[in-house]
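First the structure, then my questions, so here it is.
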Amino acid sequence: MNSGYGAFAIIGGDKRQLFCARSLSDDGYAVTLGGFDSIAEMKNIELTTPFEAALMSDTIILPLPCLNSKGQIPDPFSKDNISLTDDLITAMKGKRIFCGMQTRLSEYCPKLTGRVFDYYEREEFAVYNAQATAEGALEVAMQTFEGTIHGSECLVCGYGRIGKVLTSMLRSLGAKVTVSARKPSDLAWIELAGAKAVRTDELYKLGEFNIIFNTVPAKIFTPILLAKIAMNAVVIDLASGEGGVDKYAAERMGITHIHALSLPGKAAPKTAGEIIKNTIYHILEEDDR
Amino acid sequence: MNSGYGAFAIIGGDKRQLFCARSLSDDGYAVTLGGFDSIAEMKNIELTTPFEAALMSDTIILPLPCLNSKGQIPDPFSKDNISLTDDLITAMKGKRIFCGMQTRLSEYCPKLTGRVFDYYEREEFAVYNAQATAEGALEVAMQTFEGTIHGSECLVCGYGRIGKVLTSMLRSLGAKVTVSARKPSDLAWIELAGAKAVRTDELYKLGEFNIIFNTVPAKIFTPILLAKIAMNAVVIDLASGEGGVDKYAAERMGITHIHALSLPGKAAPKTAGEIIKNTIYHILEEDDR
Amino acid sequence: MNSGYGAFAIIGGDKRQLFCARSLSDDGYAVTLGGFDSIAEMKNIELTTPFEAALMSDTIILPLPCLNSKGQIPDPFSKDNISLTDDLITAMKGKRIFCGMQTRLSEYCPKLTGRVFDYYEREEFAVYNAQATAEGALEVAMQTFEGTIHGSECLVCGYGRIGKVLTSMLRSLGAKVTVSARKPSDLAWIELAGAKAVRTDELYKLGEFNIIFNTVPAKIFTPILLAKIAMNAVVIDLASGEGGVDKYAAERMGITHIHALSLPGKAAPKTAGEIIKNTIYHILEEDDR
Amino acid sequence: MNSGYGAFAIIGGDKRQLFCARSLSDDGYAVTLGGFDSIAEMKNIELTTPFEAALMSDTIILPLPCLNSKGQIPDPFSKDNISLTDDLITAMKGKRIFCGMQTRLSEYCPKLTGRVFDYYEREEFAVYNAQATAEGALEVAMQTFEGTIHGSECLVCGYGRIGKVLTSMLRSLGAKVTVSARKPSDLAWIELAGAKAVRTDELYKLGEFNIIFNTVPAKIFTPILLAKIAMNAVVIDLASGEGGVDKYAAERMGITHIHALSLPGKAAPKTAGEIIKNTIYHILEEDDR
């Protein structure tokens, strides 16, 4: 039994948390799952109530996001979400708590102070998550586009983390890739990555694409731009919130359009769970140093 | 209107033939579709009966395979498949005929001699098709495996055309790739491709994989080998005929197992149709030289 | 004749400036070279004195650095460097002046104000220059190391611009690459790039390397670290100033050690000159907008 | 001490044989060098005469080629080459002998029959050697061309082993690569490798290149073709024998032209020696099976 960081409780969450539990257990840690009622058994892992799980552990892992808009811990593997009862809060107190989107915890549960860490805020989490997101986007593109990625005309709008990974993937699969960005230094990096660089405000000068990936959370894909470059394209919008595509226009124009959110959890929950685990390890290492 | 090679008729076939027609028409050729009853209209392309399509054309394109086991032209876009009536044969005579698997045509229709060409037999067709097959296999893997390809342990069994393309794709997406082959020179190429090379008869010495791709049409994946390396793997069998995996054993052992055949037509009919068109162009060029 | 940005004068500088002139002239611009006495002729380009070149042009390009430590324009293609005489300054006044390291110009020639631009300060210049530097470093490694890059054990110390490009190059040539950095997010990017990531303060835990590239301008390679990982390595130090390697120790220990500075100008003056030209174009475009 | 294959003698040869000896010794084998008079000492390796080395060993390794045109073993590390005296032949008899270009041995020394193996004839040797050759060619290109490989226009003539590896290297460094071949299936593979494919007999239709690599041992580069595509190019001829470039024409036309032969031994003797060793291991494994 690995006791380096003590016993872990995983309370609430979707498949990612299950894979996180699996991976912690495979590393030799004692792991207790709290609130996964619909699961009958899991090798080497104890299943119990959130309260007991919290009691039995040194470190508690909450999902991403840790609380929904009603202040409950999301629990898709149970009939109901988990409420932060006083008992549960008492059982959690003084322990190391890892969660995604800590501000929600602070809002709904200001008493829970102390050793609370937000794995979602770590930059390496964002980097690995971008990788999983880009692969999920590639999967969506493969399923939707009727040709191969190889030889297809692809546009990646935005050259942040996801745009970078996606550009590299598409290039290495043999697509012809154009990437839009605003900064001259980004345009330089794009060219070095083997893609065609274009300023975002000159997208309308381009021709038609087969697949368009948007990563920019701003309404760049107006009806005019869609008419110019997207009439025969599959448009995959990865931007959070409202996305960057005028959905109603896209629909009216008969353009295949997918707003693909939370891809890591959907397309690769195993990897997404391992990313959570590894980020928690990093935080624990730094905390111990 | 491009009249380089005259007018084309496409008689029978699935989505690939539709995309082949689309692409020929976009190149400026007159194209007539024969036997696609369930399609109402297609821009710039005439829809009619197989007999009339044959009459109106200089060059006739039959699907892959050109005839099913009953000697009919497969026609999924119609209620019935197309019979090779004497009228149809007469209308086809003396014209250039392109088909896949010409031996079936020779068997059922020995009268149809002369300028008959088999695009499926061309080696460049096989190369491009291997690319589309490998991408289709990657898509299946992405859909089935719960982690990302990046970081996954992959095995590619066989280093022929498909194995080569698949290895390169998986490597460039960041998988850890092992490839099995028999010839020392293939093992050398595998290492140069950045993968781990292993002799096929030593596969049983390896550990567990996440994703296994088989391309070898021989029963390599016996229960013993499956138990050794595939217990937690997704197994994707690309070998034709009976495949290379003991399906019953795989099922009994609870191993996720997919026999994925005819991937280009299923996963990328647009590209598959364009491959047919380009191969026909090559043959026409050589025939004219 | 391209008159978009008027006539150019290139005053002083090494081969990079000649290739910059060549490339401007090939784009259709009138180009005059000032101070390249040892060159007899150059197709479509006029050769004259710095003063006349300045007089004849709308835009003046000075080298990188624009002035040496004595306040003169470096002029390796002439017997003497070029002095900033009052005549020359008068001829330059009011024109667009492009230079590298503008602060030196401000120091020695405070009168020359107005439309002076520093191409060396632009981030896209730094990005492209990093590419040329990394390729130059690869060339040095190939010349010095007695094996192939393929299969060699390489260490890249630092993951800034040069480190990023170098890592990608080495990986794609089949080297086994370890990269050191400090930030967890950099370590994540390094892993995504297919290299082994290691914290800079844990370099001493590693084994021996064949080739070591240093990009960090701090004395990381102490005798102790050299003894641990570099005894049989070629060490290529790309860090500016004093570099990151204890040279005296490396020499005493018999370690092959090269402090490779100003690689773009030495290894690829043609590309280095074109980078200067393209950066100037970017600045001119923005200035006009 | 590794005694798997007994004691090795390395008789004659250049730096490659020294690195082969080094690598055998590092694997734990007893190694004796015969005929390397100018070398004073080598860690863990005995230096002696060819006769004594042969006597002391179970397995004898001769260089590539094993005999020069006078029937002597090439011995650049000695004043004279090594003659196959009767004594030496007697000492070698009955032992396993590895050599490059066995036909020369059969010609000059027909008595030496039995367990003689030619590592140079093995296909995996040719594959690994192609890798080392391609890297050597890249090194020559980097030294000679005044720009970066990235962004340069490269032509690779021929798509055999060396052409394949070179194409992949150049592409991954960001060059724009055109490759010529004759077979339609090779043209298909070239396109899949991300390069532009052109039929060898249509090379004259192309524009100018920066760097041209020839791998075809036929006089393809006539004055007419050189005038069309090579006036500003660096031409690196890798074809054996007379090469594929009209040297006199290239010289007259002022085209930079390098006939680069035996690159593995020159550019990467360490790797070349290890390739010899690994091929010998493969032969020994098969011989034992």
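We just call them A, B, C and D in the order they show up, numbering each chain from 1.
One rule holds in what follows: a residue touches a chain if its C-beta (ideal position, glycine included) is under 8 Å from a C-beta of that chain, and two chains touch if they have at least 3 such contacts.
If you're wondering where the values come from, they're calculated on a predicted model, not measured in any experiment.
By number of C-beta pairs in contact, C-D leads when C-D and B-C are compared.
Greatest centre-to-centre distance from chain C is found for B, with centres as Cα means. Rotating chain A by 180 degrees superposes its CA atoms on those of chain D, with the angle stated to the nearest 5. Distance from the chain B centre to the chain C centre is 50 Å, each centre being the mean of its Cα atoms.
Distance between chain A and chain C, defined via averaged C-alpha coordinates, is recorded as 39 Å.
For the pair chain C and chain D, the distance between mean C-alpha positions equals 35 Å. Residues of chain C found to touch two or more other chains are 131, 150, 174, 192. Taken together, the chain B residues at the contact with chain D in this complex read 122-124, 126-128, 131, 165, 183-185, 187-189, 192, 282.
The touching residues of chain B, counted against chain A in their complex, run 15, 19, 131-132, 135, 138-139, 142-143, 145-151, 169, 172-174, 267-271, 274. Residues 150, 174, 192, 194 of chain B touch chain C in their complex.
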